[in-house]
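Quick notes on the structure that follows.
By letter and in written order, the chains are A, B, C, D and E; residue numbering begins at 1 in each of them.
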Amino acid sequence: MRIARVVGSAVSTIKVDSLKGAKLLVVRYASASDEPQGEPFVAVDAIGAGVGELVLLSEGSAGRHTSTTTTAPVDAVIFAILDSLEVDGVTTFRKS
Amino acid sequence: MRIARVVGSAVSTIKVDSLKGAKLLVVRYASASDEPQGEPFVAVDAIGAGVGELVLLSEGSAGRHTSTTTTAPVDAVIFAILDSLEVDGVTTFRKS
Amino acid sequence: MRIARVVGSAVSTIKVDSLKGAKLLVVRYASASDEPQGEPFVAVDAIGAGVGELVLLSEGSAGRHTSTTTTAPVDAVIFAILDSLEVDGVTTFRKS
Amino acid sequence: MRIARVVGSAVSTIKVDSLKGAKLLVVRYASASDEPQGEPFVAVDAIGAGVGELVLLSEGSAGRHTSTTTTAPVDAVIFAILDSLEVDGVTTFRKS
Amino acid sequence: MRIARVVGSAVSTIKVDSLKGAKLLVVRYASASDEPQGEPFVAVDAIGAGVGELVLLSEGSAGRHTSTTTTAPVDAVIFAILDSLEVDGVTTFRKS
């Protein structure tokens, strides 16, 4: 699962019925030190994440293994909000 | 899910039966500011998108989770037309 | 689905039973103007494509959603022969 | 399956129920000689791996084919601890 | 499916039960002329391949569509040994 930062949101009126009501957040991959990387893309939020938070993202068919995304055409889901990350014995991120 | 712009269409007479009647659109990935990126490829349209629109695209097995693509060899589906995108507090795209 | 050109074929006597009789074609990704790109790889043919044709390719689990590939370890299938492609209002490819 | 080195761990209080109790390890891809490569990401541990160990990682839907990850939004799982690797007739890694 | 060359093997005592007895081979992607490319990784062997052979590899969920890998966390399987490859009218590989 990739570390990602929530950087914004997407609004869409015309979409498949299975995603009516889904929260579509704009995310970017992030390093273990919370540095965003690469282009923004969109993920469905399954746990109440908000802009600015560092989260974990599952991609591919894993995106449909949450209660809110089971039958929808989802290939990226936010399933966890990160409290902290430790890499090589150093705390690289701690939620403030 | 990736942000993409619909840039054209594909015509194919000889194809698997499960995709007879499917609308095959040519798309390119796009930035949050609607700048196309990378090579064109093809996605099935599940919501009535048209050339020039900024859309959301699901890839992989997610492509088969719409009513029009359930049993077909589809690995990319357009499932939403974007109204607007907000990134880092700025509206980067608004449908005109 | 990616645009690809069929550039050759692969022969294998020792393979899993589920692919006995399958036609294994060598393909390369192609631009919308039929310019091959990147390294050759192999796809199963589900619609009678031949060397030199521009085709559509589905990858991942989509590769098993044709009548000839249902239970086989297939991650790439040719499911359509392209007649034409139109990008940005221009016909970039037309089958001759 | 990719060779990876376990380099740390992730802590998350707010996450989907299906991953309560799951051990989330931070990993990096590694060469056959145990040189880490690329950005850290997160995998679920299915076999009791620890920081510093060289492991095998399965990605995509394979991530849900262990007893601890069946119904969770997991796209990367550690399923084996490596004892040794041999490449081109040379032992490139041996667990110490 | 990717063309790959078998370059070695992996040994792991501690692994998930579903892969006890599985043959774990180290592979590298290869060109159609049998030139290895990129970093080594690991695939399960489903057809008795050996070091030095040029093979076909299926990745993703396709990796579980062989009799030896059905329920295991496998994302790469060797399913065919190549006899020959023909690209652009030229035989680029023939098994010796």
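The rule is short, and it goes like this: contacts are C-beta pairs under 8 Å (C-beta built on N, C-alpha and C of every residue); 3 or more make two chains touch, one makes a residue touch a chain.
Because the structure is a prediction, the values reported are computed rather than measured.
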Contacts common to subunit C and subunit D (chain labels):
E
How big is the rotation, 0 to 180°, that puts the C-alpha atoms of subunit B on those of subunit D, in steps of 5?
145
Counting in whole Å, what is the centre-to-centre distance of subunit A and subunit D, each centre being its mean C-alpha position?
20
Just the number, please: Cα centre separation of subunit A and subunit E in whole Å.
33
Any chance you could list the residues of subunit A touching two or more other chains?
60-61, 63-64
When you draw the chains as points and link the ones that touch, which shape shows up: line, ring, star, complete, or other?
ring
Starting from subunit D and stepping next to subunit E, give every chain of the ring in the order they occur.
D, E, C, B, A
Hey, which residues of subunit E end up touching subunit C in the complex?
1-3, 29, 31-32, 37, 46-48, 56, 58-67, 77, 79-89, 92
Taking the complex as given, what residues does subunit E use to touch subunit D?
7-16, 18-19, 24, 26, 39-44, 60-61, 63-64, 71-76
